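You will see two complexes here that share subunit A, one where it goes with subunit B and one where it goes with subunit C.
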Partner chain A sequence: MAKARVYVTLKEGILDPQGKTVLRALKALGYDEVQDLRIGKYMEVSLDGDDLTELGSRLEEMCEKLLTNPIIENYRMEVED
Partner chain B sequence: MKFGVVVFPGSNCDRDCFYVADKVLGQSVEYVWHKSTDVAGFDCLILPGGFSYGDYLRTGAVAKFSPIMKSIQEFADAGGMVIGICNGFQILLEAGLLPGAMIRNSSLKFICRHVLIRVETASTPWSSTAARGQVLKIPVAHNEGNYQVSNTTLEEMKRHGQVVFRYCSEDGSVQGEFNPNGATENIAGICNRDGNVLGMMPHPERASEMELGSSDGLVIWNSLLKHFEMSADC
Partner chain C sequence: MAKARVYVTLKEGILDPQGKTVLRALKALGYDEVQDLRIGKYMEVSLDGDDLTELGSRLEEMCEKLLTNPIIENYRMEVED
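Our next item is the complex of A and B:
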């Protein structure tokens, strides 16, 4: 069994309405040091198998096919035992 | 003309589309379940609005893997007419039948009201009965209608006349203040390069009879019927 983590973020230049709203709320609370805030998605995936390289490349395929939309999103992933 | 209304789990405008094809346009129409792969005999497939698969992950992201989608791709490749309305548009984007992607409305609110859209080109099978610049009143009802596309792709789309509808004012002015959802350049509807696949956020099926406050949606349906008659004559 392996555990994987996938972090999905909006690409630079793609407007993040949620992030903007939270940023405004933080500023309203007086956190003036906050310059920017962007909201993404975090996924935990349990994978059956021992070959981490193979599992990694399968997960990459899943990211490209379904888990992310490459037009608007970037992702980063980690796979470990 | 024979319409097929594709039904995904979570579609909720399928009956409205069916009603318009059947009762308003007087055409033959059938529902097509998303697990079917048979689209033979149809002249136009409608991907209706709704919340396919609960909009989980991203709108349209799961629906694009429904068995019917491969057949729709082949149908479109062969020149078949395909229209995606609202969630149907989102599915066409996820499936890559149309360029770009949808993100959440800039207001973070679900928007459900009549909007005005300007016909940007009358040279598509979906807009030929309109005049270029004509303003249509058609309702929207969505949370993710904020259309995003790369500059390079957008320029290419403009060169090929693929931007079909833009949100506008009553006198047809396309400005940020008339943009309900933050969509790039007020884009409300686009087509593919060949023009046979249309995606739009406003719901023409909800504006096809005056009893509903507007019948401007008929512009789209009548253009489609005209296109069909003309291609049948050839």
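Our next item is the complex of A and C:
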């Protein structure tokens, strides 16, 4: 059994209205040190199998097909035992 | 200028319908090795200031007040130069 983590972020230049809203709210609360905030997704995946290389390449396929939108999002992933 | 990352996950025992839906979709696509999948949030924050300890404790406050829901979510954070 392996555990994987996938971090999904919006590509640079893609608007992030959710992040902008949170940024404004933080400033309204007096957190003036916050210059920018962008919100992405974080996924924890439990995978059956021992071959981490194989699992990694299967997970990459899942990311491209379903877990992310490669047009507007970047992702990075980690797979470990 | 410092950069921080905040990872937000649902607490154990809290239902994750979004994750369950994605899990089912992956299985329907033939990815039978996926045992579980939970979806959280990932935030990248740019902070003005040099005192990482101070910035970290301010960010922790932001997490408790606005960025996360401490009743149902856990979070961890990293602050770096």
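Keep this in mind: the second predicted complex is superposed on the first by the 81 of 81 C-alpha atoms of A that agree within 3 Å, B and C clash if a C-alpha of one lies under 4 Å from a C-alpha of the other, contacts with A are read in each partner's own complex, and residues count from 1 in each chain.
The rule we apply is simple: a contact is a pair of C-beta atoms (placed from the backbone, for glycine too) under 8 Å apart; a residue touches a chain by one contact, two chains touch by 3 or more.
Computed from a predicted model, the values in this text were never measured in an experiment.
Touch criterion met: A:31 reaches subunit C, while subunit B stays clear of it.
In the overlay built on the shared chain, the residue A:14 is in contact with subunit B alone; subunit C does not reach it. By the touch criterion defined above, A:66 lies against subunit B and subunit C together after alignment on the C-alpha atoms of chain A.
In the superposed model, more residues of subunit A are touched by C than by the other of subunit B and subunit C. After overlaying the two complexes on the shared chain, residue contacts for A:80 are found with neither subunit B nor subunit C.
Common to the subunit B and subunit C contact sets on subunit A are residues 66-67. Within the complex, the subunit B residues that touch subunit A are 57-58, 61-62, 65, 94, 100-101, 103-108, 146, 148-150, 182.
Within the complex formed with subunit A, the residues of subunit C that make contact are 1, 7-9, 19, 22, 25-26, 29, 31-49, 55, 58, 62, 65-67.
Subunit A meets subunit B in the complex at residues 10, 14-18, 21, 66-67, 69, 71-72.
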